[in-house]
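Across the two complexes that follow, chain A remains constant while its partner is chain B and subsequently chain C.
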Partner chain A sequence: MRILVCVKRVPAPGAKIVLTPDAQDIDASLLGFAVSPHEECAVEEAVQIVEREGGSVTVMTLGPPEAEEQLRSAVAVGATSVVLLPSDIPDWDPVSTSTALVSAISRLEDEEAPFDLILFGNESADSGGYQVGIRVARSLGRPMVTGIKGIDTEGDSVAARRETPSGWEVYRLPLPAIVGVKEGINLPRYPTLKGRMAARRAPVATMEPAESASGQSKVMLMTPPDAGSAVEILGEGPETAPAIVDIMEGLGLV
Partner chain B sequence: MSTFLYLVEHDRGRIDETATGGMTGARLLAERTGSELHAVAIGAGAEAAADRLAAYGAEQVHLVSHDLLTDYGPDAWAESLFQLAGSVGAGAVIATGTDRGNEVMAQVGARADLAMVANCLEIEPDGDDWLMTRVRWGGSLHERARLSAPVKLVTLAPHSTDAAPSDQPAAGIVSGFTPDLSEADAVTIVVDRVTVSEGITLATAPVVVSGGRGMGSAEAFDIIEELADLLGGAVGCSRVVTNNGWKNHKFQVGQTGTVVAPDLYIACGISGAIQHWVGMMNAKNVLAINIDRDAPMVTKADWAVIADLHQVVPAISAEITRRRTLAAESG
Partner chain C sequence: MSDFPSSARVVVIGAGIVGNSVVKHLAAHGWRDIVQLDKGPLPNPGGSTGHASNFIYPVDHNKEMAHLTLDSQQQYEEMGVSVTSGGLEVARTEARLHELNRRMTSAKSWDIDSRLVNREEIEELVPFLDVNVVLGGWFSPTVSVVDSLRAGTLMREYAQQLGALSVHPVTEVLDIETDRGRISAVVTNKGRIACEYVVIACGVWSPRLARMAGASIPLTPAVHQMIDVGPLEILSATNSEIGYPIVRDMDTFCYERQTGGSMEVGSYAHRPIFHHPDTIPSIEQARLSPTELPLTMDDFDPQLEQAVELMPFLGDAEIKYGINGLLSLTPDAMPLVGETPEVKNLWSCAAIWIKEGPGTGRALAEWMTQGYPEIDPHASDIARFYPYMKTEGHILARCAEHFNKTYGIVHPREQWDSRRNSRVSTLHATTSALGAVYFEAGGWERPHWYESNAPLLEEYGDRIPERPHEWDRRWWSPIQNAEHLALRDRVGMIDLTAFAIFDITGSGALQFVQYMTVNQVDRPVGSGIYTPLLTEEGGFRSDLTILRMGEDHFRVITGGFDGARDAYWFRKWLPESDCVTFTDITSSMSTIGVWGPNARRLVERVTDDDVSHEGFPYGTWKHATIGSIPVTMFRISYVGDLGWEVYTAMEHAPMLWETLWEAGQDLGVVPVGAGVYGTTGRLEKGYRLMGAELESEYNPVEAGLARRLVKKADFVGKEAYLKARDEEAAAVCCTLTLESYVSTSGVARFPMGGNEPILTQEGDRIVDRKGRVSRVTSAGASPSLDTYLFLGYLPPEFAQEGRSLQIMYQNELFPVKVARVGSRPLFDPDDVRMKS
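Take a look at the complex of A and B:
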């Protein structure tokens, strides 16, 4: 199976998000970066499918040149090849992102062969637009479902499972298909030493991203007001248990 | 006068607070722009919801039916909504930012080749544009965005507007709509359902007892489970716990896990990273058990114990059991 996974590089903030003075971005000067969690699971899922059935996993991202780091981390856990669409424009909107991805996907498919399966995250961790994968699917004329926490390959189709409050709903998509996955579909592996070595040597293919316009534009970012609570320290050991249970009784929980 | 469509999610005609809150948000927006609000319900049994939808401001209720609309399917739903929007000349199509709402609206956006802005908290008209505040980072950040489009496509963040019926109930004229669907739209329809019955679910439990890296091992969760059982609550955990394989992801609270809003959230050995915090910030009360006085979870909690959770948690369980035994003996 020939699989493509689209991932996004996002900052990994700690207890609080700090904005740049112009409020256009997160101040990431002191932060590490990660692959958005749903997409980390998408990479793992693709690698597991290929381990079972053979094939290849290509991982692609549109982002700053530094996003090469996230692509290499995908190689370290089993991706076959990686593609970077480098751009210095921060924050591409969803329409523009999907246009750039579609044009790159079409080129990769023309050069080699169509992808049987393309995986996206359910939503990107930072901008959370809930739509890039769906727009790509529509442009390519392929079926897509999102929110997926289970994929079974069945010959020339995949069964995809989505969690509902009461259980699961199941979709069956003919290949080629596109699936948006959620964290929890699997437990991503840690890279091995061998994986890390492969990652360092892996060639990163680059392609110029195609640009387009859309009606959505960012004005500024804002940190929501802090509820602000004055914590009451109950104590420093197990002898606080009666005070805690008093509180629970006060809340009507015991 | 322009028409706004609101996509109602219902279960055979039963609508919950997510839908009535969404209707309320959509109605306030329609009022502000001098537009008329219509509700759209797809799937069997929707007529039962018509009166309530009128009470929440629906001038018309469009009941969408088609032989292919056997169950939920993003393409079939989006294609139906897209066609209906065209036939009424809608100026905006609105849904609530649930899994389905976001998925269907993104599909509508892709069909219309128009922007779709997800999870809006507030929307103000600005000339022909809309200015909105929307959710980013699962709620730990907000974005001010501008939308310029001939037809506005948005989802409203769940629970961003409290449900309130209209002062004057609207007409709620019920009409049927049969979209033109093909087999291609039916490819992504649900083909099977599996019901899993679980006792107390994390999302709705009145108490959540949650463990983080400070637990140290999978086995240590025994003391968390014991306390949760005594309180009739659910067990939660942080992403470090899931990544370490100590607990299944279904227990994870946070941006990429479950969002909870219990009466009491007990955070044991959890530092309070923003991505965890957004998953439990709507808890009415927070108790932190942590060895670090300066951990964000401690400084943001209502109560905290600065101590080793491995000693404190069993002591709480023992105290609850002691009081219950006493009460049983004297009662």
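Take a look at the complex of A and C:
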């Protein structure tokens, strides 16, 4: 099976997110970068399918030249090839992002062969727009489901499972298809040392991203006020028991 | 919060391994009312302790470090937080094999069990190591792994149980207040604590805290990368935190250390990556912890290949965790301990690693309690820095230079490459033109030998034995020996501008200087006095010369290496009243030494002042004029020949040199470097050197520097000094001669002096009744006596002239003989040359 996974380089912050002084971006000077957990799972899922059935996993990203780091990480865990659409423009909204991806996908498919399956993370970890995958599917005229926590390949179709409070919804999609994957679908592996060593030498294909008009623009970022939580240490040892009982009574638990 | 203290005797900032050790040992030394603060939570506040590798290799070439580490290792053991894993260092190169021999020697000095191991033995110790990659190794069975966080908790609890300590985590220090240069309070986000003392023990943040008080703790947070890889069945099968020895792959600057079922791979091989104490992320901002920054994988990649090369099974293991861990680096790679020179009662205990944490905590507590630690801390003393050495530019340049030498092979005479020419005398152009090869002395560029003297090798070459081994020749030139012989035969000129010079003046000057010094300084104006300065426990704090310039004016002349520490020491004891003024005049003075049998004839030609033996006796000084330059001349010698130290204003030094130089041409004058001044000339005269023979662990009686009488005036260390005079010395400083350049196994070497053990003929260590080991404190050629000399302390039962002993050098044994017991020189024992 020929699979494409689209990922996005995002900062990996701690509990408190610091913005740049112009409030246009997250201050990432002391942060590492990653892809969102959903995307990590998408890469893992693709690698597992190919390990089972053969084929190839291509991982693609639109982002700054440094996003090569995320692509190499994907190679380290089993991606076959990687494609970078390098851009120094920070403001790629869902419309322009999906346009660039569609253009690149079309080129890759023209040059080699169509992708049987394209995986996205359910949403990006930073802007969380939930749009890019769907827009790409729409442009390519392929079926798509999102929120997927299980994929079974069935010849020329895939069964995609979505978890709901009342059970699993199962969608059967004819290939080629697109799936938005959610964290929990698998447990992504860590790279092995050998994997990392191979990743270091792996070629990174680059393609100029097609530019298009944006649908939306960023005014500024704001961090929501800290909801705050107070922690009171009630004490240590058996003498703390009455205080705990008081609290439980207050909560109506006893 | 109502239970937040408003006052304390001492506030200790930091609850990592260092702060915790400090509170424990302060409490053990009787301190009460200790408040400990940390910005982070307990037991892991987020500093370097929290991500440390926690292993301890006790062998170090440096005595102070070795002793602090051994003490720490023992403390961890006593707390029950230590596992002995053993440690293996493997060599991939011949140079490293040579270095491992040196480690064997240091292990012998400090009595640490270790042995060289061949490939078969390595395979047996660490079966998953590919021995084809290595040439050999060194194994020390006592290498241990400790739980530094648990140790910290136990140490805090110790102090709490004594009722000595209250601990306040999640408390941020906002300011440190001082009053007339002395600590007065610590301001936190929870309130102000009035206090007498502050100890800054917060690792990478220390510079920031020191600055709040107007002091400086010169370190930089630096990255040490490590990754955790696993799971590895071979390791899990041990069912323990650590079942295999820690491996240091020395030539790749990496280590592999088992941690449960995983292997931690750490590196000192990557490019130096520095952070600023002000921009370390807060606990809230940090994804892992403030000192566990995201791994920059590109920097680690080359080490992966080397790790897999050494241990192929790592290749299939997963990289589960990786960090750019922050630790503290200092400009000279030694810790920063002691009272800050800028602020009274503000103490630093920073840039300390897990391996020496508890020992350094103890040393600091001793220092704060009784005046000076048991283990001589001079190399860690924060007062050792001159101001320029505390600038960010200097710190970063030097740290960048030495970071990759963490596992490097560092020659004992190795010179720094970066930030040279930070201190140059006005003689620099003159000495450069003469081909000076400069070594750094207290930051000064000091000529060590002169390439222009190469022709002297034709004259003296047959008296200079060749050094067949490159290591023994490194940072050395046979020209040094030739300069030595030329000085002894004719006359030499030495640039001594690296001297630190202080003026002590005022109506209380005499009383003050008397109180600081062992020897009588109430001598007539015109006298020059050599004297030790002691710690309160009677050990050497310094040794220097003092000129009585006037009734109320003393001039102190001390070595460039010790100038900053000595200035701190004098200032520390200055009376509160203004009856004594201390002025550092180093930068205004230049010194030229003129010594040799022709020195008087040379000087006579350029001065009208009386320089005859009678008119200018030994040990006196005079103002004089040389050519057209006003100078002060002091008849003294550290090389044992007739002559003077000639001081002049810095701006006159080039002309003074020129005047002397021209006058000496037909007398055979040669420029002479510090190789002669500091080593060959000095050793032939048995002169002791601060930091080598002279240190706080030895007293003047043992050093052979006690005078016949003791002055009436009180002085620092007097009580201990009087006691030492009444006892039989536990060890005596001796001069030994090398009996053969060829070791007992047939290797020709020139032992260069770096704590090599002095052994019995049976090869046993010699330890005096105070537990101090006999070791080489200085070594060097004696060109005039055609031999090779060592200084070192020996217990009385070995300190017998003619006694045959051995020294170990590079794991080889060489026969030596005790040539002199005490300070009587081997060369010109009656000092006829310099005193006539």
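The working rule: the second predicted complex is superposed on the first by the 240 of 254 C-alpha atoms of A that agree within 3 Å, B and C clash if a C-alpha of one lies under 4 Å from a C-alpha of the other, contacts with A are read in each partner's own complex, and residues count from 1 in each chain.
Heads up, the rule we're going with is that a residue touches a chain if its C-beta (ideal position, glycine included) is under 8 Å from a C-beta of that chain, and two chains touch if they have at least 3 such contacts.
This one's a predicted model, so the numbers in the text were calculated from it and none came from an experiment.
Contact with both chain B and chain C is seen for A:14 once the two complexes are overlaid on the shared chain.
Once the two complexes are overlaid on the shared chain, A:233 sits against chain B while remaining clear of chain C. Contact with chain C, but none with chain B, is seen for A:31 once the two complexes are overlaid on the shared chain. By the document's definition of touching, of the two partners only chain C reaches A:194; chain B does not.
A count of residues in chain A touched by chain B and by chain C gives the higher number to B. Of the two partner chains, neither chain B nor chain C is touched by A:202. When both complexes are overlaid on chain A, the residue A:43 reaches neither chain B nor chain C. Shared contact residues of chain A with chain B and chain C: 13-16. Residues of chain A that touch chain B in their complex: 13-17, 26, 37-38, 93-95, 123, 125-131, 134-135, 137-139, 143-147, 161-162, 164-174, 182-184, 187-188, 214-224, 227, 229, 231-242, 244-245, 247-248, 251, 253-254. Residue ranges on chain A touching chain C, taken from their complex, read 12-16, 18, 29-33, 69, 189-194, 196-197, 200. Of all residues in chain C, those touching chain A in their complex are 229, 279-288, 293-295, 297-298, 301, 304-305, 307-308, 314-320.
Put simply, chain B touches chain A in their complex at residues 71-72, 74-75, 97, 99, 102-103, 106-107, 109-111, 114-119, 131, 133, 135-149, 155, 187-197, 201, 203, 206-207, 231-232, 239, 242-243, 245, 248-250, 252, 255-257, 263-264, 271-275, 277, 281, 285-288, 293, 296, 298-307, 311-312, 314-316, 318-320, 323-324.
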